[in-house]
């Protein structure tokens, strides 16, 4: 796998949030490396409220890390 | 997507809590970008106690980040 | 919504724990603002062990924040 | 409810772990204040592996707080 | 119950990880003190992927605590 | 079990992320030591979106620890 994460630094909190989303998805992609399978799972998943909440929770966990890494963009 | 998160600073803990709610919802919105689909999911979801608890947990996780970013509004 | 959270400071750990409970419930109330619906959900929920554990987990997450905000009441 | 949490300080990590268990149970007890109902729920719950894991997770979350409060008993 | 946790200090990260596993199991054992019941639950549980992931999550939570207690073995 | 975790230090955030994946899997492997059983569970698991999200959550939790251990690779 090519380099995809060279720094946790971002210029803004929003970019940090978007990096958190990337990390959450990478956690899935490492576990299920077949992109076709992941694409197949997406429709059902994205229409299931509890699945979306669970995805949002993973993002929140990564955002904690990234926010700390950026000293909360103070 | 337009700028929606330029700072984690809030004037009061309550505004911080409300920002945590925004972040929790944004985590859902990035995963399911279709607002119509999200609106369709809401009624069932909002009448299911475990779904509400899970949503509250995501808020709690973001509130940790925001509270730290604001030095706990001390 | 009126002001309901002006400080994370509490005099004792127990009051901090009770504030954590308030925050956990507020996370639910912002997501489901209809108090009647929430009251309707309570009986079933409060007799389901896994739901109670999940609620306790949200409280634990908020208590982390509040304990840090109070420097652990040292 | 009488005073039940006046300090997060404990003499040993083990006492801290046991306090974490107390906090996890208190989170349940505040949500379901009827002890008879809680006792009725226990047997099924305590024979369900996933329920036990979830309970252990809440304890782990509280133990983080208590360990930090005690500066990790260093 | 005899003394089983007198320190969070470990010599290596791996021993810290193994201590995290012990803490996760102790959280279960305090909730279900009957070892026979726990042994009966293990086979089904250990062949259920989601149960294993949940157990791994509890371990991860305790490992955070233990890693911090050991200043990350720096 | 041979030494598999001698340091939390990694050269890059990406290696830290990959170490988080290793830790998440080790948490499973200690709980279900039979590699054949784990291999048998993988196919179903890796095609279930909620299972993948849960795995991603464990990775996120470990990544918090590893990122802190590396001072966020600043």
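All chains are identified by letter, namely A, B, C, D, E and F, in their written order; residue positions are counted from 1 within each chain.
Assume a contact is a pair of C-beta atoms (placed from the backbone, for glycine too) under 8 Å apart; a residue touches a chain by one contact, two chains touch by 3 or more.
Here the structure is a predicted model, which means the values were calculated and not measured.
Within the contact network of the assembly, the step distance from chain A to chain E comes to 2. The chains touching chain A as well as chain D do not exist; no chain touches both.
Put simply, the C-alpha centre of chain E and that of chain F have 15 angstrom between them. Chain C and chain F, compared by their mean Cα positions, are separated by 31 Å. Those residues of chain D in touch with two or more other chains are numbered 50, 54-55, 57, 61, 64, 68.
Taken as a graph of touching chains, this assembly is arranged as a ring, one closed cycle with exactly two partners per chain.
With the ring opened at chain C and read toward chain D, the chains come in the order C, D, E, F, A, B.
Residues 3-9, 23-28, 30-32, 37-38, 41-42, 44-45, 50-51, 54-55, 57-58, 61-62, 64-65, 68-69 of chain F are the ones touching chain E in the complex. Chain C meets chain D in the complex at residues 12-14, 17-18, 21, 46-50, 52-57, 59-61, 63-64, 67-68, 72-74.
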